[in-house]
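Both of the next two complexes hold chain A, though its partner changes from chain B to chain C.
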Partner chain A sequence: MVLTPAQRILRALVAWAVVMLFAFPIYYWITVSIKLGRDIFAIPPKIFSFETSAKSYEEVFGISLGFEKGIAVLPGGGDFYMAPRLMDSIIIAVFSTAVAVLVATLAAYALSRMRFRGQHHFVFWILSTRMMPPVAVAIPMFFIYKDFGLLDTYTGIVLVHALMNMPLAVLLLKSFFDDIPKEIDEAALIDGASRFLIFRKLVLPMALGGIAATAVLCFIFSWTEFLFALTLTQTSLKTVPVVSSTFVTSTGTAWGNMAALGTAAMLPAFVFILLVQKNLVRGLTLGSVKQ
Partner chain B sequence: MASVEYVNVGKSFGAVKVMEDISFTISDQKFVVLLGPSGCGKTTLLRMTAGLETIADGEIHIGGKRMNNVHPRDRDIAMVFQNYALYPTLKVFDNIAFSLQVRRQSKDEVKKQVEWAAELLNLTPYLARYPKELSGGQRQRVAMGRALVRHPQVFLFDEPLSNLDAKLRGQMRYEIRRLHDRLQTTTIYVTHDQIEAMTMADEIVVMRDGEIEQIGTPEEIYDRPANCFVADFIGSPSINFLKGEIQGTAGQQTFHAGGMVLPLPAQTKAEPGQKVTCGIRPVDIAVGPDGPVKAEVVLVESTGAESHLLLTIDGQEIRAVAQGRLRARPGDICGLSIDPATLHLFDAGSEQRIN
Partner chain C sequence: MVTRALKGPRFMVSDHPLPWLLPLIVILVVFALYPFFYNIFLSFHEFAPRKRALVPVGFENWQKLFADPRMWSAFYVTLFYTGVCLTIQLVLGMAIALLIDSDDRGFGFLRGVMTLTLVIPPAVTGMMFLLMQDSQFGLISWTLQSLGVLSPATPILATSSLAIWGVILADVWQWTPFMVLIFIAGLRSLPRDPFESAMIDGASAWQIFRRITLPMMSKVIAIAVLIRGIDLFRMFDYVFVMTSGGPGTATYTLSLYAWQQTFSFIKWGYGATLSLFALFVILIAANLFVKIFKVRW
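Showing the complex of A and B:
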């Protein structure tokens, strides 16, 4: 399609407008984290020019960044010391993603390739577990976890996040495996390869994109999950979404600290997506283009 | 190398019976084509031979051994798929070597075998490439190379040429046949393309709706089709069918269709008054100014070397092929002469051959 210069400019403008629409809230949130408290709600809003401060970060992470001379950082970071909470979130998201993707990949391959009685019911049954609102099982889960001693443990939260991700991961990966021609398996079967060898050496490398895409979705879900992370933990671990609520105190809301933690919490997810990005794009377009 | 024997083979998918009581034998070193329209069961039969589908009823023997519960890898067969099914993450060398590596053959042996196959298929310059960097014909050859290195007892081809363009198809047809002549490995080749069947096969098995319609050499199938379906399926342009009736006594029978009367060959099993379908191949009709059967020209298509004519005789449409260019125009009346020996007579009810 040939565009006139006016159309080209218009297209660029619209594209930038859309980018702005998505990028601005993130920009604004980051600026809140480095603003002084009095500037956060200033009218008119100080969007581009304001006095910067690392105070919010210093309080949240309990370290002196050296910008605020003469102000001592409280030992242990004080009330808003959140570094361990960020670590909790990373551990839970990474391990729950790993568990979900590992199990779901094997399950999805089996569902895509093997025929067994009631297969279609099985797939529907997997999906149906997502139809129930999670809050409906929150209280039963609490008692189950209490009895099994999983309450307030990494294992417990990793398991619950992995289980919640599993149905979607299985279905998503199944569709990726379905896109890989069955004849490749059959050719390898005739060539003498075992099922597992076919899976490991031929199918898995072809499905990497799909696995990356699934992993990103699982990671983001676990990173932002609130309900179970709240009800199934007490003191020994807390994830970022849960502790964000502690910034609302009886003496006011610590917006700067909340923004600082939120900004910091964006980073691990950002890094994770960056790492799998190359595969991700391939995964999202897999099957849409004839090879 | 081995013979393949089918004994009362049957198959159903759920409640649908797709195949019943298939029995025939493919003798050692033969190139046999399973031919039929899509959905006739030819691919299913091939997949059952490979072990990719279970054999519901009956038995399949390869080299005299019953194969019903034998794993595909232990059947000593190699298969080439319609979409090639190359391993996209492996280079051409590893694609071809895969089956040997899986069987833990020594590196030297693998290299030797792959190089032999690559040489045979003109793939040597492409061994370090990935399948996606190859053209359709090259991919097809890699798929064949993968089958070759195994030195299997039987080659199975599942419509291997249908993804190629017409020119390449002709070339690969020739190459596959030449390869068979050289290696003499028993080959079962599935296709719906009657040209492929006619040009490549030692023997053709024509199938329809899970049943075998006829087995024979290409010449037998073409010259003496067993029924209307086979007659219609083989030959291009397809055969003309005229519906009519037999008259006269044995030795001097004639075929009557409307006002048209054709003398019949001396030996027929037809009885006077029998309703029949008469098949006439377009190439068996000689078109001239003064043949005994008058026909009106409707359309003339020239393919360069020959002319295809659409004619009508008493309202019945009939196709004829004439060599060279013909100066006929729509509306012209011309004369057709037909050698009685080339007529195919089928019973109008059962559609079975009666001459």
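Showing the complex of A and C:
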């Protein structure tokens, strides 16, 4: 469509307005994290002009940033000290991503390069795992984990998150492997190389970009997951999304602290998502829509 | 010749796919298949508080499920929520995709900003919208009240007729960009020729969209609808943090109802039955969709 200069300017204006409307709640949430209590509850709401304070972050991370004089924050103390929960989230996301990517890379290579009976059904089985409501896994898993002593452990939640990411990882990696010409494998096979050698020395290095993108997406989905973490962890570990919903105290909801934790959880994910921009749509559609 | 050391583990030398697939199969069996059958087992049992144990109850849970008005209400809420969100996100997503799919300066940045909502934990999004819809100092409530659209006496999330719309708003905000990004990728992959010949023939913008863009995008749209539809149907996070299903049962979704029956009301068997029902509905619906629209992976 060829637009006149006036139309182009109008389009740009509307586009900026719409996108800023979508960005606004994020901006507003960040302002809540650096506001004082009285400004959070101000009517009319304060959007651009308010006193800033790092108090919420200091309480959440248990550190003194030194902006406020006379407020001593005890490390390791306080109701809102959430640094260990961030650590839990990172550990769970990293290990579940490692498991998912490792297992999925092997499977995706086979699905991309080999043909076997029932392959179509097998792919469909993987896909239907993506369709299961998490609650239908979380309920039986709770009782199974209770019997095996895996409730409230890193191992337990890591494995469930790995399962949750498996369809995404397998199908996405398969689409990346499919992009690498099969002739490479075939030529090497004729030269007497084994499948494993071809996989490790030829295909894997060429698929590194795709594997990295897959890993980033798995990390993000584990990082943001709520239902499994809520059901399968209790006291010894908790992820950020789960504790975010528990900041309701007897004196009301601690919005500032909650926003500080939420912002701290969002910012690393923002950086990650910008890293995989190129493969994002492919990831969101499990490898079926390419950019 | 390649030496054995270079060939890797003995079992991986062959061309058989099994060694490659085995770890995946083990994980799927242990964490998907086993829980599935355990869930079926649970659905034929119920926790007896006096005996402090599961006792077999036959088909009682399934009979109860189909006779339970709260289940049907939750089912209806889930379908309503899925349908409304899907429609809004499709239309809005396509409109915004067409709007920001441009190579003009600054549009790359705009597309980048549109990805941000996708990585926010939905539980955090729920809290954001809980704050913004607070009846006293929430930004959205305040704006609507100032415009005279909303009476200060009707808190959005605590009014039966409005609560679901408050949740829908959070979902639309977070997931419309999902559609936007997929549609932009789809738009960019279309061949240019049909558009050029249509423009030479003097077709209007609407005609081009209706007759060329939409049909050529059908595969991409089908995939976006399938994935989003599945996620909407099993939605849990927003209602859990924003309304806990209330007021009354106005925002109970099937997932939330199943979870609460199991963990809040200790109806282990009935909760399992509810979650299985949701699972069957979604598998049947998704399969029909895949067949009808010929979605392929």
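Throughout what follows, the second predicted complex is superposed on the first by the 238 of 291 C-alpha atoms of A that agree within 3 Å, B and C clash if a C-alpha of one lies under 4 Å from a C-alpha of the other, contacts with A are read in each partner's own complex, and residues count from 1 in each chain.
The criterion applied here is as follows: a residue touches a chain if its C-beta (ideal position, glycine included) is under 8 Å from a C-beta of that chain, and two chains touch if they have at least 3 such contacts.
Note that the coordinates shown come from a computational prediction; the quantities given were computed from them, not determined experimentally.
Contacts of A:Leu202 after superposition: chain B is touched, whereas chain C is not reached. Greater residue coverage of chain A by touch, when chain B is weighed against chain C, goes to C.
In the superposed model, A:Ile220 lies in contact with chain C only, and not with chain B.
Using the contact criterion defined above for the overlaid structures, shared-chain residue A:Leu106 touches chain C, although it does not reach chain B.
Using the contact criterion defined above for the overlaid structures, shared-chain residue A:Thr155 touches neither chain B nor chain C, since it reaches no partner.
Of the two partner chains placed by superposition, chain B and chain C are both touched by A:Gly192. When both complexes are overlaid on chain A, the residue A:Gln7 reaches neither chain B nor chain C. With both structures placed on the common chain, the touch criterion links A:Thr52 to neither chain B nor chain C.
Common to the chain B and chain C interfaces on chain A are residues 192-193, 197, 291.
Put simply, chain C touches chain A in their complex at residues 1-2, 6-9, 12-17, 20-21, 23-24, 27-28, 31-32, 34-36, 38-39, 42, 96, 99-100, 102, 104, 106-107, 110, 112-124, 126-129, 131-132, 136-139, 142, 146, 173, 176-178, 181-182, 184-186, 188-189, 195, 199, 205, 208, 220, 223-224, 227, 230, 233-234, 236-237, 240-241, 254-255, 258-259, 262-263, 268, 271-272, 275-276, 278-279, 282-283, 286, 295-297.
Residues 1-2, 8, 11-12, 14-16, 18-19, 22-23, 25-26, 28-29, 32, 40-45, 47, 102-104, 106-107, 109-111, 114, 116, 122-123, 125-144, 159-160, 162-163, 166, 170-171, 192-197, 200, 220, 223-227, 230-231, 240-242, 244-245, 247, 253, 255, 258-259, 262, 265-266, 269-270, 272-274, 277, 280-281, 284-291 of chain A touch chain C in their complex.
Listed in rising order, the residues of chain A touching chain B in the complex are 181, 183-184, 186-193, 197, 202, 205-206, 291. Residue ranges on chain B touching chain A, taken from their complex, read 50-52, 72-73, 75, 77-79, 81-83, 85-90, 98-99, 102-103, 132, 146, 150.
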